[in-house]
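When the chains are written out, they are named A, B, C and D in that same order, and each has its own residue count from 1.
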Amino acid sequence: MASQFPAVATDAVLKQSDPVPEDFEEVKGIDYSKDSAYNMTAVDLISSMKNMGFQASSVSKACDIINQMRSWRGKKKSELPEHEQTGEFDDEGYQKTTIFLGYTSNLISSGLRDTLRFLVQHKMVSAIVASAGGIEEDLIKVLAPTYMGEFSLPGKGLRDKGMNRIGNLLVPNDNYCKFEEWIVPVLDKCLEEQEAAMAEAGSNGLNADSAAVWTPSKLIDRLGKEINDESSVLYWAHKNQIPVFCPALTDGSIGDMLFFHTFKASPQQLRLDIVADIRKINSMSMAASHAGMIILGGGLIKHHICNACLMRNGADYAVYINTGQEFDGSDAGARPDEAVSWGKIKADAHSVKVYADVSVVFPLMVAATFAATKP
Amino acid sequence: MASQFPAVATDAVLKQSDPVPEDFEEVKGIDYSKDSAYNMTAVDLISSMKNMGFQASSVSKACDIINQMRSWRGKKKSELPEHEQTGEFDDEGYQKTTIFLGYTSNLISSGLRDTLRFLVQHKMVSAIVASAGGIEEDLIKVLAPTYMGEFSLPGKGLRDKGMNRIGNLLVPNDNYCKFEEWIVPVLDKCLEEQEAAMAEAGSNGLNADSAAVWTPSKLIDRLGKEINDESSVLYWAHKNQIPVFCPALTDGSIGDMLFFHTFKASPQQLRLDIVADIRKINSMSMAASHAGMIILGGGLIKHHICNACLMRNGADYAVYINTGQEFDGSDAGARPDEAVSWGKIKADAHSVKVYADVSVVFPLMVAATFAATKP
Amino acid sequence: MASQFPAVATDAVLKQSDPVPEDFEEVKGIDYSKDSAYNMTAVDLISSMKNMGFQASSVSKACDIINQMRSWRGKKKSELPEHEQTGEFDDEGYQKTTIFLGYTSNLISSGLRDTLRFLVQHKMVSAIVASAGGIEEDLIKVLAPTYMGEFSLPGKGLRDKGMNRIGNLLVPNDNYCKFEEWIVPVLDKCLEEQEAAMAEAGSNGLNADSAAVWTPSKLIDRLGKEINDESSVLYWAHKNQIPVFCPALTDGSIGDMLFFHTFKASPQQLRLDIVADIRKINSMSMAASHAGMIILGGGLIKHHICNACLMRNGADYAVYINTGQEFDGSDAGARPDEAVSWGKIKADAHSVKVYADVSVVFPLMVAATFAATKP
Amino acid sequence: MASQFPAVATDAVLKQSDPVPEDFEEVKGIDYSKDSAYNMTAVDLISSMKNMGFQASSVSKACDIINQMRSWRGKKKSELPEHEQTGEFDDEGYQKTTIFLGYTSNLISSGLRDTLRFLVQHKMVSAIVASAGGIEEDLIKVLAPTYMGEFSLPGKGLRDKGMNRIGNLLVPNDNYCKFEEWIVPVLDKCLEEQEAAMAEAGSNGLNADSAAVWTPSKLIDRLGKEINDESSVLYWAHKNQIPVFCPALTDGSIGDMLFFHTFKASPQQLRLDIVADIRKINSMSMAASHAGMIILGGGLIKHHICNACLMRNGADYAVYINTGQEFDGSDAGARPDEAVSWGKIKADAHSVKVYADVSVVFPLMVAATFAATKP
């Protein structure tokens, strides 16, 4: 065995580094010398996570971005030329950020519904994009509860009992029967209104200004009005006139009911047009003086908000929270920087992706931002 | 240090096991004593992966299920009562499986488009559900190519050059300009037809049988016809009358174009109704004598096929391939057994989930099944 | 289009469910009617996450299990037969849980080090298993800081500057040069002691009771003593005589230094025996009256604690936090239930896996458990 | 509704792109016009995946890199100065790449063991790093088989029957009893040899050249010799003198047996030194004229090979295959570019990470590279 010192190895291992730039920030964690380190509050926790590294830092950064999008103020409405008097304004008339909130169906099934409702109830967001389940499960929960289960419960036994599983949650199938009873009269009414408007409009019934054309967002607004219950996200969205977009509204229980309704209504048929809604969401994006995105989950709801923000050449703020990965080229897993290449997020925007199940981070994040103080 | 023998530990470590049941199958891999183990063919590889364990076994099982769904035959059409003469039949008139194929946008952007087209060209599937990008990127690729890139290319530089990134792929933004030029005249024509039908139908224009109502699947069929190019999935879908469903068709470039078109067309407006399409896909599911699902990716396309199969009380075969995980309660990550609890997959169905990026397994899987022999 | 009502579909969709069992718990979230819902404290947040579903529920359950393992008490030592007077006892002489804490290297590199040190400083855990980096990075941080970086910083530029990247952290290579200066005299001393003991023991030098044999845990204890700094996990582990196991201690910078030291020391050579350490950890497991596992991350440290708990026919409590998935058959991704099949976790144990980056959940979890009140 | 054309949107959506650079490669898939597109061979499939995008491209690139590391040739040994006559040479005396192969335990449990054995049997790799299970499961499989199971089999029932689960595989506990019977006499013999050497060496027994010191790699070599069965990876590693490193060899069944053996052997004790092995693997890295890494899985085995390659200032080729993600800052999930920052992979090396379960891609990859032709 040679005893010669291995220069190649020591050179590689003990390579000297350049001086550390002055603006470098040291990694650090919670300072347990402080009394406030015990049973910490949300704001203190998030603050301590800033330079903790990995996703702790991303969560903290996401809260910073949320605070930025909430606190940004532009010019006073009265000082703007009329064609620029669009988008959102605060109570004193200053421009503020139009915030697009997206979420997937499962979050409404989970206890996060209460947090999402809180945001809508207090007008903390400007528009919502949800998947079909994100609409109907909100309504169904007014009619009957969802229960805790286990990820590993075998499907056959559940089906025999009429228990539908969503991750570690269970929804009795009776809930969907109750939903059917509740929604059919609403759909009947909608069809009636459609037909009345058609009778009036005749061959102009599909025109841009036609009252005969239902869209997903119009139907959702009506459902929020009809459910008339303060526990509901859609109730508050209706009340506060926050539009809720769901281009594939037929992809779930509402779709089942619409399907059944085509038989009941024949030869008439309720229609849902998705072109008017794409005009509506894109118009909101263009009108916004600043635009922020908070996107919880992946798939359609993520892409739809990003795509709308392309219409304004990019969002100014973006917070993604999901578990998707980019390696399979999915939009669900794409980092904010991929959206920058498309012009959906501005190159100089504040953006972050938090790699986590929404349920473990969003309650804490909301507690440290939107709900840091009582509204 | 005690030298006493640790009985609790040895009992736990050296616990005797019950006899191995006779039907247990040994784990084994490739037999390199065979000449066919070198530069293996797809069929031999898949066969060798059967008892290899982990996802190798899942891939092999998925191929078995695909072969089963393809080879299943029921009764002869002529011997069935008329109301049961629905669904798919082979050339000799025997019932065969209605196969629903779902895929996300990114797969059409990738080289898998050629494989998906192969399946459609040779009528190997019965219906398709895709996301909006899965429609438009097929058309755009006829107009101009997509290129190889890197996952790590910075977004700002790409946007400056007009290069849109999809994972490790790049799409020049000019491709979308070409698409706009191509599609606007088609949309003009569609609007013209809508208005002509409305003029005729008047206040009955929204009725079930109205020719005035465009739906996503009708528009997609038209686009497939217009593109008229054998490299296109949609061309063959039109040619072979394989319906292509896309409830959120506005969520992408086609949506951008429809948005712009609302300005051009005003006060008229092209409409896309999603209710007729939910009736159409659900009806296919109910009509099918057997139903199989091959779902590549997650999100809307996965849920939509599963939901349609609820209408027949469950699919008979299900193959999922995606990278989603169930821990966040997402539908994207749900195992087939979650769909069993909902009645979307039959309890005794043949089903499997392959945890993999579609691009690494589907080419091999198709080579060993649909393309094991030249059609 | 047939107008017949689709019975197969309505039967499937509107299937009645069995009555909901009385012990079912409703999904619910944060109650924003309470003043405590604003800038929530850790304990309140964790409590609100209990029936929220998905990983929120898992995080809450993990905190319950941690509280259970901390509060369990058995018999009084003085009332036990002598051979059962093993394991851990509280200040009043009652049996308590032996808690094995495992963590991967990156967590020490991150700001979580302060949290881990807090646990060790206050004797809240009984033994530690770490990977090599989890040892050396604790020491190095006493010598020089780690800095915040970005996941996307290109490697070439960093190497040119001597900046080593760990996720979104940066460690100047000079830190390792400082470490080399610090550790070489310690290794010299260790070798000296080894040789002195060998001179005394002669051919008995490898016997069970030999003072000549260094092991990873003995060397780590020495390093903790030598670093003599209250910011260090290992300092407190030494101070509180909490053993730190690291069977692959050579797999990192300490290994580099030991490698270089073999040249310096030749023909002598410092040795590190791993057999004595497996006896030591297994003996602790057998001696424990109750055993709990808190395992942060995957790989060696996860398997090592589980394997030690097999020696007692299973741990009584188990909390895993990691991002691994089971589909690839990795031990890192295996659920607690896989360890049950091996006898590493008892069948009736309290166990949970939290699917999350440790950094986003462990600060909150510790704040709601170990650090709910000031020790 | 304004009918003014939205310029900001059209400018953003229809932004012109720079001309496509000439060296851009078009995305393309399998050409089904060729007869070879049916039941494709491994080489053809891999070739077709090159420009397919996503992980298909990564798999294809990984095969290119494997072919490059295998085909690289340097200078003739006889023309080199003596101190450079190190590393690997081909049959004609030309320098070739030293290939480090790493794999985790589960791969040996799976049917991939046959593929790994094929590589070792035909001297296609130079050194191996495995986790403890990767050693013992190879030996145990000679004594009794492993069986196919399911990921969802409940742990309690399995433990009752003595069936240990590894993902979707099952190992009867009797296999470990058989292993104990087989290995105890070997350990007795090793202890005997240790003590004989100590008797001779006395207080020099720990010196660098001492025959008394067992290391993991020496014990593994002996185990490979003793098992004496052509189905075993370790048998061929012994036969072909390919060193197998496993610094944490005690972390599994061998550790259990060594633990029990300490009671049987007392007051003597078999020892395993890990310092000599770190010198051995680092020396191989420094001696190599070119170094390549093929790392299957994450954790210790990944880091250990990378760390060894730091001793030569970086590997020349690197192929990672695993399912880890970088977002949690784990080494398991780190991309090759993180290793570049450490000097573990050369900045100009050929490297790739394939994001996949090894079992779904490695059989195909080996079939298209190492096993493209019969050796």
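Points worth noting:
Rule of thumb we're sticking to: a contact is a pair of C-beta atoms (placed from the backbone, for glycine too) under 8 Å apart; a residue touches a chain by one contact, two chains touch by 3 or more.
Protein names from UniProt, one per chain: A, B, C, D = Deoxyhypusine synthase.
These figures come from a predicted structure and were not determined experimentally.
Comparing the residue numbers each copy contributes, subunit C and subunit D share more than half of them at their mutual interface. Per-chain CA centroids place subunit B at a distance of 35 Å from subunit D.
Averaging Cα coordinates per chain places subunit C and subunit D 25 Å apart.
A straight line joining the Cα centres of subunit A and subunit D is 42 Å long. Contacts with at least two other chains are made by residues 1, 6, 9, 13, 15, 53-55, 58, 106, 109-110, 152, 154, 163, 167-169, 208-209, 256, 259, 266-267, 279, 282, 310-311, 325, 327-329, 337, 343, 355, 357-359 of subunit C. If the chains shown are joined wherever they touch, the resulting network links each chain directly to all the rest.
Those residues of subunit A lying in contact with subunit D across their complex are 1, 6, 8-9, 11-13, 15, 53-55, 58, 152, 154, 208-209, 282-283, 286, 310-314, 325, 327-329, 343, 355. Within the complex formed with subunit A, the residues of subunit B that make contact are 104-106, 109-110, 131, 133, 151, 153-156, 158-159, 163-169, 194-195, 198-209, 212-213, 216, 247-252, 255-256, 258-259, 262, 265-279, 282, 297-300, 303-304, 307, 310-311, 323-334, 336-343, 345, 347, 357-359.
Residues of subunit C that touch subunit A in their complex: 1, 3-6, 9-10, 13-18, 20, 24-32, 35, 37-43, 45, 48-49, 51-59, 106, 109-115, 118, 145-148, 152, 161-163, 167-170, 172-174, 176-177, 180, 253, 256, 259-260, 263-264, 266-267, 337, 354-361, 363-364, 367-368, 371-374.
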